[in-house]
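Structures follow.
You will see chain A twice below: alongside chain B first, and alongside chain C after that.
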Partner chain A sequence: MDLIYGVLEGLPFSMFQYDFMKNAFIALILLSPLFALLGTMTVNNKMAFFSDALGHSAFTGIALGGLLGLNDPLMAMIAFGIFISLVITRVKASGLASSDTVISVFSSMAMALGIMILTAKGGFARISSYLIGDILTVGEKDLGLIFLVLFLVYGLWVYLYNPLLLLSVNRSMAVSRGIKTLLIENIFVVMVAVAVMVSIRWVGILMINSLLILPAAAARNVAESARSYHWIATVFALVASVIGLFISYQFGTSAGASIVLVLSAFFFLTYLMARGRK
Partner chain B sequence: MVIHNHCGLCSIEVANLSVSSGRATLIHDVNITLQCGELTVLIGKNGAGKTTLLKAILGEYHFQGSIRFSDHQGDVVGKPRIGYIPQHLDFDKSMPVTVLDFMAAARGGSPVWIRHGKELRKEILKSLDEVECGYLINRRLGALSGGELQRVLLTLATEPIPDLLILDEPVSGVDVSGLDLFYKRVTELRDKYHMPILLVSHDLELIQKYADKVILLDKTVVAQGKPEEVFTTDAYQNAFGLLHLGEEKKWI
Partner chain C sequence: MKRKICLILLLAFILTGCAPVKEKNNKEHLKVLTSFHPIFLLAQEVTKGVDGIDLYNMAQPQTGCLHDYTLTTGDMQKLQEADVLLINGGGMESFLEQALKQFPELIVVDTSEGIDLLESQHSHYHEHGELDEHEIEGGLHNSVDAFAHEECGNSHIWLSPSRVQKQVENMVRGLTEVLPQEKGKIKHNGQDVLQQLISLQKEAETYHHNHDGHVNVAVFHEGFAYLTEVFHLNAHVQIFVEENVGPSAKELAEAVDEIRKEGIEYYLVADDAGRKYAEVLAKECGGQVIVLNPITGGTMEGESYASIMEDNIKLIEKCLEEEHHGDS
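Presenting the complex of A and B:
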């Protein structure tokens, strides 16, 4: 850790004189590849709305954490995130209602319930800090947690990627090749839930989904294969995070929003590039 | 000469199979037997439960009743290898996935976001070359034409050689010459590997030409047998009769 700090201090940027900026920077370097990777498959499976709903359901997690008297609601958020992802996947699979509608109902319910509990004693301020998030509150301990999540997700990705890819092309075909589609899908949504819930304090409920979707969306404009898709999304996310953090430091803006704005710029640039080629 | 042992199975026996969703019964009491080396065509109106039956056999839907796979000695075998071509691939056409990515992922090689095994790539190229599709290997899946996609899917479904091949209206969006080629390839596979093939189709002319057996489904089996037998039943006339009134032998 001291070594990384030392390196960052050696860089000719004034922001690295502060430990919280160093932590924020390292956190983003770890979070970007995590979100880019999960995002590629979220977009492939047309699940952008699902991940959005998942972010909103964080309200209930936070509220539950408060009710249970936890100092840090993270565990309650993760548990509730996993619960709601599995429920949505289950209801979707039953095919009784269109998945848009199902997701919308669950998302609204989770959001309303959370806000009601949180505002019961007029605690509006707590909500707003989660809405926008603050990357500068990342502590050294948090970095360990982010690293652990990144490590686990990358590890699982080695085994899950091929089945997930097949599943995103056609479910029945995946079944015919012996893939346990429901299990694979459940593991995937749990990974997304954990990644989202861990990061929401720093990125904000309003921006978290963009961090997941935009790198993949921009990479799609230029990628031709699964491999280039993955790596281009990762590079976009990394570069946007670094630029976004600089902007945030210079102008005192929210880091999450700054990063998302840079990613949006990437999307439109690559979109124009792709159109130019055709 | 027929290679009987390649299939490993002699028959697939579906007995009293029913599938329901909520309170609705999708299909009920289906009794059919698929024999090795036979091309069985499943016909029926929209909503008759054809795709439901296929998905039950695939193991995607829960069902009541039994499906028994047995080898040529009559011994029951466990899970057979099934090759399957879906009716539609309604994936996102802009998805950055090449034919190689897709086939390598299905064959279960190394994760395709990291690398493609050299050996696997060679094998895939070879199998694509067999249907004159080698040039497609680095194309995006969403950029293929209907006919190209169908040949890629057939290659994949028969790699490795399955114990049962299931084709769900695999020819939508393919032109007539492509159709004929496709059916020729399917019958070749049947004759070479002696596998049972179950196919859903609406193309009565091609059924006449290639099917060994026809099953007419309307929630349950209402007629089965050789094409000309089924085509003369009342059940068939009820389902499709109006389609070729007064047009003798000209199937639509």
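Presenting the complex of A and C:
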């Protein structure tokens, strides 16, 4: 850790003289590629609202954590996040309603349930720190947790990459190849759920969806192959978060909002590029 | 299908029919509603043992500050039933402004009447204390113009041991006017509360007299400006998380520079969103995070305004004291 700090301090940027900036920078370097990667598949499978639903279900997780008397609601959040993602996948797979409808139903339900519990019990002030979730408040210990999740997701990713890709391109082909589609899908949504819940207290409910969807959306505009799609999304996410952090430091704007805005700019630039090419 | 619909409709009728119908104005008891926790605590003391008053509180005790509070249907019901509403005033209850138009007969007692607010950090210019054409003798308003003289100063006046005395006086005056037959009892209670508050204020001020020299602090809750005032602490750094937006990287970096420059060693926080920023800064620059109670929420059992405030004051004294011993 000291080594990384030392390297960052050696860089000719005044922002790295502050520990909290170093921590935020490292956290972004770890988190943004993670979300970009998960985002590519989320976008492919037309699940952009899924992560939104997850973010909202964090409400309920926090509320449940409070009901159970947990000091740190993280475990309750993860448990409820996993539960709701599995239920969404299940209901979605039944094919009774289209996936955006299903997701929207669960998103509203989770949020309403969370708000209901919280208003019945009181305690909105405590939850507000999760809503805001600020990358600038990442501590050294938190970085360890982020790194662990990152490690697990990358590991699973290598293992799941091919079936997931096939699944997103052509579901029936995947089935004919003997891929257990439901299982793969379940593992994927659980991964997203864990990643979202772990990072939400630093990213915030308002921003987490942007971090997941925007890099992939921008990359999709310009990528020419599945491989380049993933790489470009990762690079976009990295570059945008560093620029966003820099803007926040330089101009005194909110760090999260700055990052999202840079990502949106990427999307529109790549959109124009893609149109120009056609 | 038809049968199902009929059944559902039938159920709906039965269920709504079962709901108890509350009558407005049970005239035997005066229903006094308070807008939120600190006002409720004070009113509880003032109306202790007074006959003919039903006291209840509107915002849930754990809601916290009211900046982004929204009314629940339960609140509207309470407003509907209430005869008198006690508010903190000074802009704290802006969420009520719209709703109160529906209850023109509700008597509103603004406890901030005649109190100078500290300047809010967010409004650089502001003319407090000037004119108040709406100031009505006795602090009574009808509900529509109770908000007309709102300003954007720091409305957390209940955290000021001196200003809260005036709030109690306003409350006593308002209540005795609507309940003249209990005047003696209410005034007596009011005196008791005032005694407690005065001794609290003295305690804080005596501390300042015994330990001169200026202590610099960072403040993370707007209301604590009133606590730093009574202790004569210099709040050099003020960071408030509002409307769900935290400080930017630049603001935090400037805070770090300021904290180092001024040698700030104390961070006054409440247990809310501001706390984590204080912890980040304390980690960066060293110093002690002091978690105080903004009295905006609680369990409602066995606590009084004075006891919480005393805890706050004692905690600040203890932390500052330790430092003094550490130095010598």
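Heads up, the rule we're going with is that the second predicted complex is superposed on the first by the 271 of 278 C-alpha atoms of A that agree within 3 Å, B and C clash if a C-alpha of one lies under 4 Å from a C-alpha of the other, contacts with A are read in each partner's own complex, and residues count from 1 in each chain.
As a convention for this text, a contact is a pair of C-beta atoms (placed from the backbone, for glycine too) under 8 Å apart; a residue touches a chain by one contact, two chains touch by 3 or more.
The shown structure was predicted, so the numbers you read here are calculated from the model rather than taken from an experiment.
Asks: Name the contact category of A:V158: first (chain B only), second (chain C only), both, or neither.
Replies: Only chain B; A:V158 stays clear of chain C.
Asks: Touch test for A:A223: chain B only (first), chain C only (second), both, or neither?
Replies: first
Asks: First (chain B), second (chain C), both or neither: which does A:N44 touch?
Replies: first
Asks: Quick check for you: in the superposed arrangement, does A:V175 touch first (chain B), second (chain C), both or neither?
Replies: first
Asks: Could you pull out which residues of chain A sit against chain B in one structure and against chain C in the other?
Replies: After superposing on chain A, no chain A residue contacts both chain B and chain C.
Asks: Name, in rising order, each residue of chain B that touches chain A in their complex.
Replies: Listed in rising order, the residues of chain B that touch chain A are 21-22, 54-55, 58-60, 79, 82-86, 89-92, 94-98, 100-102, 104-106, 108-109, 111-115, 138, 140-141, 157, 166, 168.
Asks: Where on chain A is chain B touching in the complex?
Replies: 40, 43-44, 46, 95-96, 157-159, 161-163, 165-166, 168-173, 175-178, 181, 219-220, 223-231
Asks: Which residues of chain A touch chain C in their complex?
Replies: 15, 18-21, 24, 119, 121-126, 128-129, 131-132, 134, 136-137, 139, 206, 245, 248-255
Asks: For chain C, which residues are in contact with chain A within the complex?
Replies: Counting only chain C, the residues touching chain A are 60-65, 72, 241, 244-253, 256, 271-273, 275-277, 279-281, 283-284, 296-297.
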